[in-house]
Structure formats: C-alpha cells, structure tokens
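Structures are listed in the sections that come next.
Two complexes are shown next, each including chain A; its partner changes from chain B in the first to chain C in the second.
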Partner chain A sequence: MKQSLLPIVAHRLAILCYIVFALFPLFWLLKVSVTPNDLLYSEGVRMWPSRTTFDHYAFVLRHSAFPTFFKNSLIVSASTAVVVTACASLSGYALSRFSFRAKYWIVALMLLTQMFPLVMLVAPIFKILSPLGLTNSLTGLVVVYSAFNVPFATFLMQSFFDGIPKDLEEAAMIDGATKFTAFRQIILPLTLPGIAATLGFVFTAAWSELLFALMLINGNDAATFPVGLLTFVSKFSVDFGQMMAAGVLALIPAGLFFLLIQRYLVQGLTAGAVKG
Partner chain B sequence: MASIEIEKLEKSYGHVSVLHGIDLDIRDGEFIVLVGPSGCGKSTLLRMIAGLEDVSKGEIRIAGNRVNDLHPKDRDIAMVFQSYALYPHMSVAGNMSYSLRLRKTAKEKIGAAVAGAASKLGLEPLLERRPKALSGGQRQRVAMGRAIVRQPKAFLFDEPLSNLDARLREQMRAEIKKMHADLKATSIYVTHDQIEAMTLADRIVAMHGGVVQQVGSPLELYDRPANLFVAGFIGSPGMNFLDAAYLGGAAILKDGSRIAVNSPAAVQEGSGLTLGIRPEHIVITTDGSGMRAGVELVEPTGFGIILHLSMHGLPVKVFTLDRQALALGGEVTVSFPAEHVHLFDDEGKRIG
Partner chain C sequence: MTMTADTLGRRHDRRPWLTRLAHASEPYLYSAPSLILIVVVMLVPLVIGISYAFRDIQLLNPFSGGFIGIEHFRTLSEDPAFYGALRNTLWWTGASVLLQFVFGLVLALLLDKPFWGRGLVQALVFLPWAVPSFLAGLNWAWLFNPVIGPIPHWLSGLGLMAQPGNILSDPQYAMWGPIVANVWWGIPFFAITLLAALQAIPRDLYEAASIDGASWSQRFFSITLPFLAPTIAITVLLRTVWISNFADLIVVMTGGGPADRTQIVASYIFTQAFKALDFGYASAIALVLLVLLLVYSMLIILLRQTLLNKD
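Right, the complex of A and B next:
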C-alpha cells in the first residue's frame, strides 16, 4: 500500500519545529558568545554576526574566576549525583521489593517534602548549616542538594526496580544466590539504565541550581558556576559576550555526561528476560 | 534425587487462609502434577516447597530433612518459571552455568555440564546468544537447561508451558516427559491444563480452594473421580451433571426419565443425588431405544463431533466419532451405559 506523503511531511515538519524551538536559545547563546563586543549592539538582530571572535572565551578562561567556578560545580554536582544515586538505589529497591510497616507513611512523607517551595527553606537551612561551618563550603552544598534530590531519585529508582520481574531474583535464589548476591549480580546490572538516568538527572539538577548556591556561598572560592555567571553582571552593565561564552563552556560537561550515558538511557536492557 | 513429604501444611496471608492443611508424600523419582483452577493454591504450594514463600504451619521435608526455615539456595532444588526468568544480561551458556558458578564448581566440570545439557535440549548453536535473541520455545528450553545442569534433588515446574502456542506446547510436553524418563528426577509440576496433567503425571494432585481434592494416577482420577470438582475438572469436554433422585434402583431425572445405575451400596430411597456421565461415554442409539434429545449445536473437531443436546430442557454434551450423527436441529436418541454413570451425593462426594 502506498502511504500518502502528506502525513509524513507534516510529521517531520512538526518535529523540526519542535527541535528549532527547543534549540534556538542554545543557538543564540553560541551566537552571542562569538560576537565581538563592538558588533553586539551595532548590527541589529542578525542570525550570525558579520565577524566572529573567540576573545570572550579566551578572557573567561584566562582572566576570570571561571575555572574555579567550573571546578567547584563539577565537584558538587558529581558528588551529589553519586551520593544520591547510591542512596536512591538502596531505598528504591526497598520500596519496590519489601513490604514493611509504615512504608505508606514513609512514601507520603517523601512526597510531602516535594511540595514546599524551596525559598521557604532557605533561612532555616542557613540557620542549621551556619553553626556547623557548612556555609560557604562545597560540602554544605552537597549535603543540601542530596537531601532535596533523594526523594525524587528514590521514586525514579523504584520505578526502574518495579520494571524488573521478581522472578529473576527468585530464579537466582533458587540457583544458589543469597538475596544480596541476587541484587548485585542480577538486579543491579539490569538497573544500569535507571542508574544512568538518575545520575544524569541529579547531576544536571545540581549543576544548574542557583538559589541555595547563592544563599549559602559568598565569595568566589566556593562559588559554583551559576553563581559565578552573575559576576558578569556588574552594577552598570552586563558583559553578555563573556557571560555567554561561560555558558557555552558550562554546557560541555553536561553534554559529555549525557553522551556517555545515552547508551544506557535508550537501551531496553531487560528485553528477553520474560516472555515478550 | 529425593523424596518430598508435606505434612499438615498451611499458608495464610494475614487473616486470609490460602492452604488448609495439605498432606502429600512424593516418592523419589515420581512425577507429580498439581492441577486446579486459578487461585486454588497450587502455585503457592510449589513456591513454599521452593522456599519462596514462608510456611505458616506444618512441615516440608526434602530427603527426610525439615526445610521449613531453609533459604531457597540451600534446598538444592531447581525451578522452571512460567516467565522463564532468564537473566537477560547473560548468554545462554551464562544462564545455564550460573548456579554452578555460584557453587564455585571447577571450570571443566561446568563446561561439561553445560555441553551435556545443551546437547540434550538441542541448544548447542545458541550457547553464545542472549535471551532476547531467542524464540519462546528456545527460551523455554534454556530455562529447562538451567534446571538440569546441576542435578538437583527435585525439579519444580510452575506452569512452564502456558506462554507457548498450542503446537509448541505439545512438543515441549513430550520433551519434558522424555526428560523425566531419562533423568528419573523427582518432579513437581503445576498446571491448570488437565491434558498436561493427564499426559505427564505419575500421580495427579487435584486442588481446589486450598484443599487437596484427590490424589491418584491420571486414570484413577478419570475413572473414579472422588467428587464433583474432580469429575468436572478432569476430562474435555467436561462431564455432564444431572440432578436426579434415587428411586427403585434407578436415577430419576427431573424430566422423569429413568436411568439404570449400578445399585450403589448405601443410598437411601428417594434421596437426591447428582448423576455424572462423560460426553464420550454417552451412546447414540440407532434402534430408537433410550431417551430422546434435540440437537442444539454441532461442534466438529475433525477427530469427532461434540453435540450439544437438550433432553427436555436439560443440557447434555455428547462426544461421538460417528459422523452420521451430525443432524443439526434434528433429534437423536441416547442412552447412558450404567457402567459409566457416576453418582455423587448432595455434598458432592462420590457414591460407590
């Protein structure tokens, strides 16, 4: 049967529109970052400047505190991602496989924590962290970010564990594995896509977090990259070129990270375990 | 190989009782089939033997040792799951050798055991494949292979064929039977398919509502069902049941027809009972004797014909090999040979 062309064309067009819509801000980021300062306001709205330069990048890397921000962000985001994923794997497994008393209330409590606007918590958290010496420190940020991300990550991991048939663990136990061996050798390898997704999710959440970083950190030494971006905004002007260049650079790790884990994100690793 | 004894076994989830005191002795090398409708507790019983469910009350012994509190891994049994439960991230060989690797068996021994099982099941060309690259029948074979590599004390099968199509199911059924003849391993097989039960079992355990209804050889259950449940469950098409009263040495049906029965020992004159007769035992008479019945539906199976008859409003199914009987809308005469008539009392228990 010959398929009519129109729906296919419309479908592709719709996808194209979506992609353009989603990626246009990123394109603009890139465009501004390579536009020389003298052309920024003089050329009007153009899709690409008549002359390009990498001066902004050079300045950001050589003369600003950006490398420090970058390093801080990397440390905070990676630590948060690892801590949260480790906790969420264990708690997600427990929620998925065990039935215990108060399970319902624990889940409800975890949901409840997700309901409050974070602004409400800024002051109390500052009050708590300050006597512990955790303000103005990367550790403090990791602690706060982990606390905020564990509930959601737990639900995420739980849904991945729910997708793995219980039969597999039982088969492993009958084959001679303890419950923990079955978890380690059978369930965990099958949850790699879930772990990758959780790592990615938490990493990006921590990478782009501004509110708490802004409130808990002052000075450049412990500032993360979103806070650092604000240093390009001075009282009288905004240095758009440098800010955008820093933004492009900040995209790189997140992009690399997703490149690394995308294999797991798209792969249906559990296919073939049970019928189907 | 080992014998398995089950004594006064009970299972309850909270206040809901699922198994009510099961007693069963399974001899060494015997093939036992647990059969019954969904929710009768057969799978629960199997999982308790495997150690996947806790025992609420009673005792399970494997080879004479009490295993109630033993972890599944220490019971030395193998199980084939309905879903196959193959490890998706391991090759066929990896799946089959997993139990041996956990036991730290020597590499050469593992290789030999896997090769042996693979050749038995025709899996040699597939050993390096992942489960997702296998067909349903092949996955089923791998699941069986995983069970036989380690020569356990007993094999447990949890509806292993119900995900296969009819043709493949027939073939695998024969293979399981062959495998059992070959290995002589104690096997417990759960199914809701009475054909599987009849063809595979040394003894069938018919279960209903968490209670064992009857234990016996397939032919015992077919010839002398202990109660209405077993009578109705075993055999296809199912047995006909007709309400009757016992009067003067015969069963009187609701429409007044008299059916001669082999006079049962202790039935009170006038008491109500249920008369059962299998469709294949009803005779279509050609000389006009017997009871008249209208033909309401004709289902040819190729091998024979299933006739749905109405005897003065009482529905009766007949299975016949005689193609001449095909007469939709017409009338036939049937008789119930006394030696094939089963009688059940008002509690559903077999009489005589």
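Right, the complex of A and C next:
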C-alpha cells in the first residue's frame, strides 16, 4: 500500500496543475469583469476583489454595441453551422457509401484546402465579394465560413456514416425505397449525434473566426463579436472591466456548444486528425 | 466487395440509359453542394491570388492592376522584414508545436488511467480548446499586462524581471507571449488526439508486459510509443503546417510588434493586405509561404517513405 501511494499522489498533483493552468486565465477574465473600477488598480494581483459588481456587464449590455455584435455573430455562426452540416452530410454520405471515379480527387481536394494558408485568400476574396456587395454583409461571411468548414465537416460526417451498418439502407431499398429516401429516413436519424457534433464544431469555428471578419467587415452594423471586441480594445483600451465582461459574454455560446459536443470530442477529433 | 458487386451489376445492366446515368451521377449529386462551395470560395480565389502575385494590385490605387512579372518577388528577396518574419515563423512554430506536443502527451497519459472524476477533469482541461482564439489572445494579453495581469508581478516577485513590465512590448521576449497563449490553447488538441490513440492500444499487452516484469519506462518505450508513433507523426505534421499559418494570436496580442519581433509570415501577409492594402505584395508573400509549406510536406512524406522502406 505504501509503495503505490506516491505515484497516485503525483498523478493527482500533475492533474491539478493542468486544471489550474487551463482554468486560471478564464478565472482571471471573470475576476476582472466583476471588479469595481476603483479597486482595479489597488487590488491588482489579489485573487478575488474585496467587493464585486455587475456594473461592467450592465454597461456592456445596455450602452455599447455588443448586443449587436453578439446578434451578428449568432446569426453568422448558426447559419454557417446549418449550411455546412447540410452540405457535409450529403458529401460525407457520398464518400462513405459510394465508390466512384472522382472520389480520390474529391478527398485530395478537401485535404488540399486543409493544408494551404487561408490567409492567402484574404485579398482575392475581398476583391471578388466587393463588386457583389457581399463585403460588410453577414451573408458574405456565411458563404466564406461555410466553404472553409465544409471539408473538415465532410470528413467528420463520413466517419459517423462509416459507423452505421450498410445493411440498413440495403434492406430499405429491397423494400422499394430509393437510396435518397433511405438516406433521409433511416440513415440521417441514426446520425443525429454526428450531426449535433458537426453543428457544434462548425458553430464554434465560425464564432472564433477573426481575420476574414476583420478584412470583410468595417463599421459596427455588421461586425461580429471578434471584430467588435478588437475594435473596442484598440479604441477604449482603459476600460478593462468592460472588455473582460464582453469577453466572458463571448465565451458563453462557445462554452455551451463545448459542453454539448464534449462527448464526441475524442471520436470527432480523431477522425479529423487522421483524415484532415 | 461492393466494388465487385457494382462492376458486375454494370456489366449486365439492361436498364434504360437514363436510369443508368441517374445511378452513376448519384454520388456526384450528393457531393455537389460541398464541391461548389469549395471551388467557388477557395479554389477560384486561390488561383486569382496566385495571379495577383504577378500583378500590381493596390486597393486604394485605381491605376494599379497591371502585370509586373516577378517584380514583387524581387522586392521580397530584398525585404528584411520578410526574412525576419521567416525566422520568427520557425521559432513560433517550433516552440509551439514542441511544447504543445510534450504537455499534450503527458496530459493524455495522465488521463488514460481510470480515476474518480475523470470525466469532469477531462471537460475542464479540454476547455481552453473551446475558447475562441481571439479571446484566448486577448485573455493572455491581459494576463501579461502589468496593470491588470498578475504575471508581470509574479515574474518580478521571482526576480526574473527587474520591475513588473509588459513582456509583449519587450523585443527580446515578446514572442513568448503568443507562444504561451498558443500552448495553453493547443494542449487539448494534442491531448484529445493522443488520448484516443492511447485508448485504442489493447490492454492485455500491458498486462502481459507487467507479468513479464517490465518496468513503467520499458512498457512506455516498447508498447505505448510504437503504437502512438503513427498518430504522433501525422498530428505533428498537420499541426506544424496549421500553426505556421495561425496568425490570430499574434494579430490580437502584439500586431507583429514590437519592431516586427513577433511578425510571422502569416501575420505579415495579413498586415500587408489589411493595413497596407497592397494585395499584390501580400499575394506574392503568400505564394512563397505556400511553396515553402509544400516543400516541407514533401520532405516529411519522403522521410516517411524512406523510414517505412527501411523496416
């Protein structure tokens, strides 16, 4: 008993270190967001302020453009997630169930899109979208983000389809259903966890995207949360409490989706890591 | 199996050609929406971007747009900022990947043992991965800020810093800011991937090894590591490419400063396009980066082939 105690203590201590390292920055974000302005400097390095306040949140929600940014980001991320998941379930199904001549090339194309620097596309995409009136518009962002996320989502959906036995739709087709009916009525419902995971992944990715949003959007009306927060930081860089309150708010949707997809993380990321 | 069934079926196919066409085009119809999106939004701009590299394209200059051949590349070869960015990219990518990998592997090994509360611990340590990258960057920039962040005070308390200053504005150490943020943000990815690979190792191997009296390190080097090797190789390769392109943290935390000390090639491209609005020059740098990454991937694949052939 005495021999095996030391490794266990070391193991738990190491885990504790990881938890502290992972959570401390987020804890600090929360701490500063509830610290009253007059205590911000005098109690700079204290772990928790002697008084807490929600004024920063109230200000951010009532008197700033952040609710608009929040709404914009929500619209963009949700639309992107829906568009990508719809496209990716179709193409993932094609890759999982059919063997056809162009399959190799489609996979190669999708892998290629995962390898080259997306920042390369900043200038050409701006040039293309600008005459179409899609710069400074949420639609433009949805189109761009959808394309960026489709390859990964396709591989992800494919791995979920691969996990469903083929006999199911073969049986349905013997009963006279077309392949598409079998796909829609039998296979898709069985892939609901996969669909949820894909929605979550894509939503989080779109919620985090910064560089294209910065390039394509100017002005507050169509700004997404990252753009809004960054402009806010460069303009009013002294209001740390408000910025961090906004930061905590930006964390909420991503955090919620994370909880939702947490179970599928290991499965999903493995599929992604192996294939793209 | 399906392949042979398909080809057999096709040989004896007596259905009308329209049905046959519909049948053959089915996978293409399923793939069409995704392919159209990828081709229109990624492939076409990629080709246009490559053409920009040989043209004079400045957003604010209506007279620009002419073909100038390799002029941009000539400028680039004499641009000290570009060479600095190249060096910084190596440093940024190397340090980030190495630290993420080491810490990620240790975390995966820790989580591979069953213990009480493992599910909760897993959710907590994987949480940074869910934090949007711009927020991770801002969050760490704030932690490094001597006014509201604790890190400068800790560093000076430990005697590592003469007085609480901002590491992000110190030319010598500024790069450590984004690297630390990147490591914090990226550990979960490595841990998740490696954990999945660890869990796929058959448990009886370990049991057999224990019975034979193998020590922990023997088991690690002769069972765990060989089993993990393919996952490690592919994850490190993909992450290296990905991190060398990952400009978000740098754009948010330092904007490439102080004095271009944290400017990597990817953030340099973004700065040229976004701030200088010089799309031609930005595309030329991007093309060079693309070629470098392709060369890197080729080298890795060749290396892999030679290693595989040796066995």
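List of remarks:
Note that the second predicted complex is superposed on the first by the 226 of 276 C-alpha atoms of A that agree within 3 Å, B and C clash if a C-alpha of one lies under 4 Å from a C-alpha of the other, contacts with A are read in each partner's own complex, and residues count from 1 in each chain.
Throughout what follows, a residue touches a chain if its C-beta (ideal position, glycine included) is under 8 Å from a C-beta of that chain, and two chains touch if they have at least 3 such contacts.
The model shown is predicted, which means the values in this text are computed figures rather than measured ones.
More chain A residues lie in contact with C than with the other chain of the pair chain B and chain C. Of the two partner chains placed around the shared chain by superposition, chain C is the only one that A:Ala86 touches, whereas chain B remains out of contact.
Of the two partner chains placed around the shared chain by superposition, chain B is the only one that A:Ala172 touches, whereas chain C remains out of contact.
Contacts of A:Pro124 after superposition: chain C is touched, whereas chain B is not reached.
Of the two partner chains placed around the shared chain by superposition, chain C is the only one that A:Gly247 touches, whereas chain B remains out of contact. Of the two partner chains, chain C is the only one that A:Leu40 touches; chain B does not reach it. Overlap of the chain B and chain C interfaces on chain A: residues 269-270, 273-274. For chain B in complex with chain A, the touching residues are 50-52, 71-73, 75, 77-79, 81, 83-89, 98-99, 102-103, 130-134, 136, 139, 146, 163.
Per the touch definition, chain A reaches chain C in the complex via residues 11-12, 14-15, 18-19, 21-23, 25-26, 28-29, 32, 40-41, 44-45, 86-88, 90-91, 93-95, 97-100, 102-103, 106, 109-110, 113-128, 143-144, 146-148, 150-151, 154, 166, 179, 204, 207-208, 210-211, 214-215, 225-226, 229-230, 233, 240, 243-244, 247, 250-251, 254-255, 257-259, 262, 265-267, 269-270, 273-274, 276.
The touching residues of chain A, counted against chain B in their complex, run 165, 167-168, 170-178, 181, 186, 189-190, 269-275. Across the interface of their complex, chain A is touched by residues 2-3, 6, 24, 26-28, 30-35, 37-38, 40-46, 48-49, 52, 57, 59, 106-107, 110-111, 113, 115, 121-136, 138-140, 142-143, 147-150, 153-154, 184, 187-189, 192-193, 195-197, 199, 231, 234-235, 238, 241, 245, 247-248, 251-252, 266, 269-270, 273-274, 279, 282-283, 286-287, 289-290, 293, 297 of chain C.
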